[in-house]
Amino acid sequence: MKIGIFTVLYNELKLEKVLEYVSKLGYESVELAAWKGSTHLDLDNVLSGGATKLKKTVEKYGLSISGISNHLEGQLVLGPHDASTDDFFKGTPEEKVKYGTERMKKTAEAAAALDVSVVNGFIGAPYWGAWYIFPPAYEKIYEEGFKMFAERWNPIFDVFAAHGIKFAHEVHPQEQAYNVETTEQAIKAVDGRKEFGVNFDPSHFVWQGIDPVVFIKKFGDRIYHAHAKDAEIVKENVATSGVIPTGGWMRQGRGFRFRVVGWGDVEWKRVITALLEVHYDFVLSYEHEDPVMSREDGCEKCISFLKSLIIKAPLKQVWW
Amino acid sequence: MKIGIFTVLYNELKLEKVLEYVSKLGYESVELAAWKGSTHLDLDNVLSGGATKLKKTVEKYGLSISGISNHLEGQLVLGPHDASTDDFFKGTPEEKVKYGTERMKKTAEAAAALDVSVVNGFIGAPYWGAWYIFPPAYEKIYEEGFKMFAERWNPIFDVFAAHGIKFAHEVHPQEQAYNVETTEQAIKAVDGRKEFGVNFDPSHFVWQGIDPVVFIKKFGDRIYHAHAKDAEIVKENVATSGVIPTGGWMRQGRGFRFRVVGWGDVEWKRVITALLEVHYDFVLSYEHEDPVMSREDGCEKCISFLKSLIIKAPLKQVWW
Amino acid sequence: MKIGIFTVLYNELKLEKVLEYVSKLGYESVELAAWKGSTHLDLDNVLSGGATKLKKTVEKYGLSISGISNHLEGQLVLGPHDASTDDFFKGTPEEKVKYGTERMKKTAEAAAALDVSVVNGFIGAPYWGAWYIFPPAYEKIYEEGFKMFAERWNPIFDVFAAHGIKFAHEVHPQEQAYNVETTEQAIKAVDGRKEFGVNFDPSHFVWQGIDPVVFIKKFGDRIYHAHAKDAEIVKENVATSGVIPTGGWMRQGRGFRFRVVGWGDVEWKRVITALLEVHYDFVLSYEHEDPVMSREDGCEKCISFLKSLIIKAPLKQVWW
Amino acid sequence: MKIGIFTVLYNELKLEKVLEYVSKLGYESVELAAWKGSTHLDLDNVLSGGATKLKKTVEKYGLSISGISNHLEGQLVLGPHDASTDDFFKGTPEEKVKYGTERMKKTAEAAAALDVSVVNGFIGAPYWGAWYIFPPAYEKIYEEGFKMFAERWNPIFDVFAAHGIKFAHEVHPQEQAYNVETTEQAIKAVDGRKEFGVNFDPSHFVWQGIDPVVFIKKFGDRIYHAHAKDAEIVKENVATSGVIPTGGWMRQGRGFRFRVVGWGDVEWKRVITALLEVHYDFVLSYEHEDPVMSREDGCEKCISFLKSLIIKAPLKQVWW
Amino acid sequence: MKIGIFTVLYNELKLEKVLEYVSKLGYESVELAAWKGSTHLDLDNVLSGGATKLKKTVEKYGLSISGISNHLEGQLVLGPHDASTDDFFKGTPEEKVKYGTERMKKTAEAAAALDVSVVNGFIGAPYWGAWYIFPPAYEKIYEEGFKMFAERWNPIFDVFAAHGIKFAHEVHPQEQAYNVETTEQAIKAVDGRKEFGVNFDPSHFVWQGIDPVVFIKKFGDRIYHAHAKDAEIVKENVATSGVIPTGGWMRQGRGFRFRVVGWGDVEWKRVITALLEVHYDFVLSYEHEDPVMSREDGCEKCISFLKSLIIKAPLKQVWW
Amino acid sequence: MKIGIFTVLYNELKLEKVLEYVSKLGYESVELAAWKGSTHLDLDNVLSGGATKLKKTVEKYGLSISGISNHLEGQLVLGPHDASTDDFFKGTPEEKVKYGTERMKKTAEAAAALDVSVVNGFIGAPYWGAWYIFPPAYEKIYEEGFKMFAERWNPIFDVFAAHGIKFAHEVHPQEQAYNVETTEQAIKAVDGRKEFGVNFDPSHFVWQGIDPVVFIKKFGDRIYHAHAKDAEIVKENVATSGVIPTGGWMRQGRGFRFRVVGWGDVEWKRVITALLEVHYDFVLSYEHEDPVMSREDGCEKCISFLKSLIIKAPLKQVWW
């Protein structure tokens, strides 16, 4: 199992500077953002000959690329298509769908060009809030989202298939597949095709009360990538704020917040044990969205914490 | 404290039949639905001279009307205005707003005509799912919902004020004010005007991890009505399904479901104690949305459970 | 759902006296012991013309027979065949097997004669303690017990099938099928034949840490009978005594003990809800093995407790 | 086991009125306060011929006297002798000791005159706050309190012994014996003489984190009387206020408060089971110090709650 | 945030020896005791020219002085003035008050001389045990303690103000301000003057059930110093001994005891997170009162434990 | 306290290779298996002159021998004598008893020859499953096992006594003494003779719900050796599988499994604190039976985890 890092948190820094910093800390791989605005990976550049140079740059620091990530443009495929996604791409809903679709195909091609096997991202959701079945009509409406997912993403997955790339959807709020059950529905909607799998991130299960280990055991070999991110039910706030607070991430009264690995409620020993049990042996990619401590504190604490937990090999047989 | 019942669960039965049934069981008041489709209260009829007859009918069974409820048409004021609300009123968003607004004003008038002091309902939400701040633009978008609330509801509350009626918003998912913090924001948005208060219903706090007692103590004299409904984090399912499952209410695998009072996780002794502490002494109105047991089982179990918990009077002073 | 009682706890009293007592308390059915030594049902007498009289006697008190129970003689079929079962029948292991087998067939015949559809009992276990896999050879040895179960019980179940009777094994320590997993193995061993099902008794799951609701949902329509018995992890003792204490049932220091319904750790509302969900609507038969309170205290407390929990009918559809 | 009531909560009412009220509610015995100011029992009157009349009055309502209680004057024997006890008796420390001593002897005599076997009360404490060992010298100072207890109370217990009366100390904050360990020390200080025992009241153990069942099993046959009082760690307050809040009992922010039986954290089924196990079969005397609900609410709720929990007889032997 | 140590635990060693030892272990600052008997700081010496030398000595080992502590003589200002404080100063109550007052003023002057900004200590309490409101008169008596606090400490705080020094009261049992609520009362009693703040020590909140994070958020910028001390509710003892056991600190049966940081129940990640949230960035000063392990074990374990938890910088803004 | 390792997990490797490996990792002592089949210690060889060489070999790597372990042959003394122990020694029950007895005596002699003071092992149990008292006759039958223990083991212990060696029984399922209470019974059965003590291994208490600290405090100076092994109640499985699952140790659905130290539910800080409190200062010998991670992962993680927890010395006296 490698310990990696999602470099987007230092998007304002040159990639090489980031690579140098994280390799010194002991990270073994990087996950690179591919959406417009990412300074670390430019899809057009990669697809017009820049792939080798980028790959070499990464390798120069003893690192590999665990995955190409394109959450923002993937979101456009299903939506929402209201003003909230204007920062990703401004246009009519139809234009957003079209743009998102093309960009995701390009992302797959870029991954292939970089010899990276996985693209991480979001599938989007036409109206995620419809999960709560009131008005009653939302039951049918939410169901229909799965059909729309199959219709719009199957052509994208065909491109992935053509290049031998896998898409790892990050199961996350605001996505059509946001928990165990909807992930099962999404997989079923695309007839279980193997291009579609998950980017396991336990931080989104903490506040839902879902056991990440149940998720791991349920999806097993469909886990194509994993994020090392933690989350905290904030004890002094939760009775007032609840687990679905709205408002800014740095607001202090929130009942839920993300944390650096080891500072939240994820039981990492159970998670790492379960990943071993399902034979996942790829990467734990650190993502920092901790509203309390600095990025540097996070980078140091994460690697130090995870290093001592990595299991190198499974037991082969009972010896006793 | 009276024990009442929201009669809409027997909407297919004649009101008198329901009144007879519930009065025999020991209920002391009724809450009547006012939206189109309710067979127990017709706004137009009430406002065109039918009020006295309706009131008499209720009184004939030794009952009073605790509140007039119009959740569905209130929802139209802020939305959502997508297909989900077509069952409430079919039209363009503008038509829905206009219709909802008019109906809510009428509901206040009807309450006045019936000598009922409280109208229960929903304020609606333009896009409730935006509470989760991704895409990041949702932070600002959700905030703007409170301004829209003030703009659209203040004129309605003026009519309420003119008739001396209070509006009790049921703090509930899919509403702009769905937890403690957003309720505080909503109250602030209308400058704390007294026509706007809450219909306390603890079942919506259970899965959010909010302590209903914190809610009670925070809003105190702004609690104008209360629902006796329970909710259950379903132990055998929650690790898989989580607390925000989607899909039909009767689906057995759900991690959360409503229950009849006493069959869920609400700590009723704490709730009733806190209501006494803030001097709420009006009604606990039973609402049955239990996907397991029949309505009759619920009606019987609820009254039997609550009877033994009602506190008749507070302690006046320390005697010891 | 009927509330019944296993009359063996008053084996020293004439059956009619017991029937009179329990019917007055409100019990609706009786479960009768059929092993040698039971004073309430004599297999030979039933099979030689006494069935009608016994049935009439029971009906005279407004009661029905929910099941015939023969735990002790069923145990002899698989064992143990050491001195521990000498009180049930004294003989060589072979003689014990033969005797047990014949008696179980007779019990099925008696059930048929009495128009009773279920026989409760134990299947036995050659060496139950082998469940703990040390010495390592016990893994294979325990497995073989399931084959032995199929070999010895299939002929008995054939007799059950011939008479249209079902056998409800009480999942219990000292039995080859003592938890969820071994019950699944046992069902598989007899190819899922329908004569073999379970007598659900949650008291045996409490100390194992098994959720009775998981058991109910797993076996659903194979639950043929149910015991209303509770069990308590004794808080003041468990840190010292553990959940598998040995020694007499009345020893005060035990970390685990049986209790009258409502006085232990079984969550009865969850259990009754789950039984409704799997459409079990037959009997909860009270069994008193509470080492603290008298049988009369138990009989009164059990009926009073369960009466208020029985759900008469399921919800047919979402009305809201 | 009888269910009784400590009548002092209605000290402003005539005794007969109270007796009539509580007997109608189903209470079976009364506990009468004997300190100066009690309107229900006057020591001098009892000792000068009034005993028979008082006893008859109580019996007229089908009640018995479970115990004579004199907490306030017992406190004077050890103190505190600062201004806090001036309401009990104003005087120098020496005068307070002398007065308290004489009154406790008289209370024993009055009990004898009334054929009552138990006197409840407090032994007092010279400086209870010294339990916390800072300044370090408090370790020795607190220890010396036990010697003082023996010196001052042994002569009083001699009078109790002479009349065959037992003294039941209520283990309580502000008393030299306030928990399990200090009660053991106090018993040892008087060489285990049988006149000295306890009035079991679980409400004082709740906030200390002491398991009342441990107390019951430790002191067994030295439990001479018992109070039915409950206590609540107030969930919404405790993180702020803690379990040892100061200030008035009706202050709403308190982290701890007394409650009516069944409304607090005492596990009454465990308590009643344990009392049965140690063969305590005398009285549960209701004491109302609930700062929320009225005395009448308490009186009704207590009897209704306890009635269903009383166990009439222990199991004599394992029948199964 | 610096990690410091309260050197008094090695009072029997020369200061330089201690400085050498702790600086080698990695500690960054020292807290020095100033009461009579302290061998590490002599007030008279400091005030008569010894300040520079002492300061230099500390700096020689790369350390700074985080605070001057005078708990024992501070206690004398309010009391108790019984025999328990004779070890601090022997005299009449009046003499104790006077002595304590003078010494605290001197301590402030010494701090100024040493360029140290904070004096830690206790404010004392006339009779701490009066927090429990029985006898009822204690309610008023405890209240009066706050007036006495203002009267006696305001003149002392004037001296602090004159020298620009802050007083950090350690919120602690046996002090007038011992929890959140009484600390608020104390601050109010001195009209919120800024010289009076707190020395945050979570070990005193553990057994009270107070959440240290609530304390931190409530007092925020009034936290002038902090102790790194842990405390343990001793699981195997608490049901018997409770959280307020008396007797020696090394007695093994205690239900509560202090522990070295990381060996108790304080949730240090939550504490350190909250200190960051209120912008406390000064010192965590290790205090060893663990009755189990040696001082050396404690010194080593504390620094090793805290080092990995220190957060160097807060997040400045949401980057994601 | 030394950190040791039970070398049997590398039985397929030459002893020296193991010694080299573990000494490099930081282990300080080894525990050697003595049963037939152990490649690290051959009883006959040791007793015929090989002792010195073996001892030297161990010392060469800076290690000592903490104990000689002979669990398998000890088991034969009491049984079971069915096919399960044929792998240990094939023969009639009488032959197994005789063989086991002789081997245990030899093991004591070998310990003496090697200057090792402790032999670890199992005492066996005639029929461990009889602990559950059904059939009722098992109560008496289990009791008789203690007599058999005394009869068969006393002669063995005589040999131990003659050589000044202690026997440390590992309290474990399948043994006559498997929990606190049965260990007390076993000690009593041999009149408390000092040759008989325990090998403390907390992993066997986890699933029983026994607090290892209670065990430690109960047996104190009779703890002659200790295993560092952890155990996990597997959260995602326990509701289905329970704490007494049968079947292979590597089966993934098990509700209970052993784990490497620090990866299970044992509270090691409490355990190490308690061992210090009873003055146990010998060895924590690592035993790997973790069905998930490789032996090497375990060896590294164990030493790293325990190193930081070892307490070098107890506190001698309260200094504060």
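The chains carry the letters A, B, C, D, E and F, assigned in the order they are written, with residues numbered from 1 in each.
Going forward, a residue touches a chain if its C-beta (ideal position, glycine included) is under 8 Å from a C-beta of that chain, and two chains touch if they have at least 3 such contacts.
Because the structure is predicted, anything quoted here is derived from the model rather than measured.
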Contact distance in steps, from chain C to chain F: 1
Repeat of interface C-F, chosen from B-D, D-E or A-E - more than half of residue-number contact pairs shared: D-E
Interface residue identity across copies chain B, chain D - same or different by half: different
Centroid spacing, where centroids are CA-atom means, of chain A and chain B in whole angstrom: 38
Chain E-chain F separation of Cα centroids, rounded to whole Å: 46
Centre distance in Å when chain A and chain C are each reduced to the mean of their C-alpha atoms: 51
Per-residue overlap in chain B, given as positions that touch at least 2 other chains: 136, 211, 214, 236, 239, 248-249, 318, 320
Contact set on chain A toward chain E in their complex: 8-9, 11, 235-236, 248-250, 252, 263, 289-297, 301, 304
List of chain D residues in touch with chain E within their complex: 72, 75, 80, 82-88, 127-139, 141-142, 172-174, 179-182, 205, 208-211, 214, 218, 233, 238-249, 253, 255
In the complex with chain D, residue positions of chain B that touch it: 211, 213-214, 217, 269-270, 273-274, 276-277, 308, 311-320
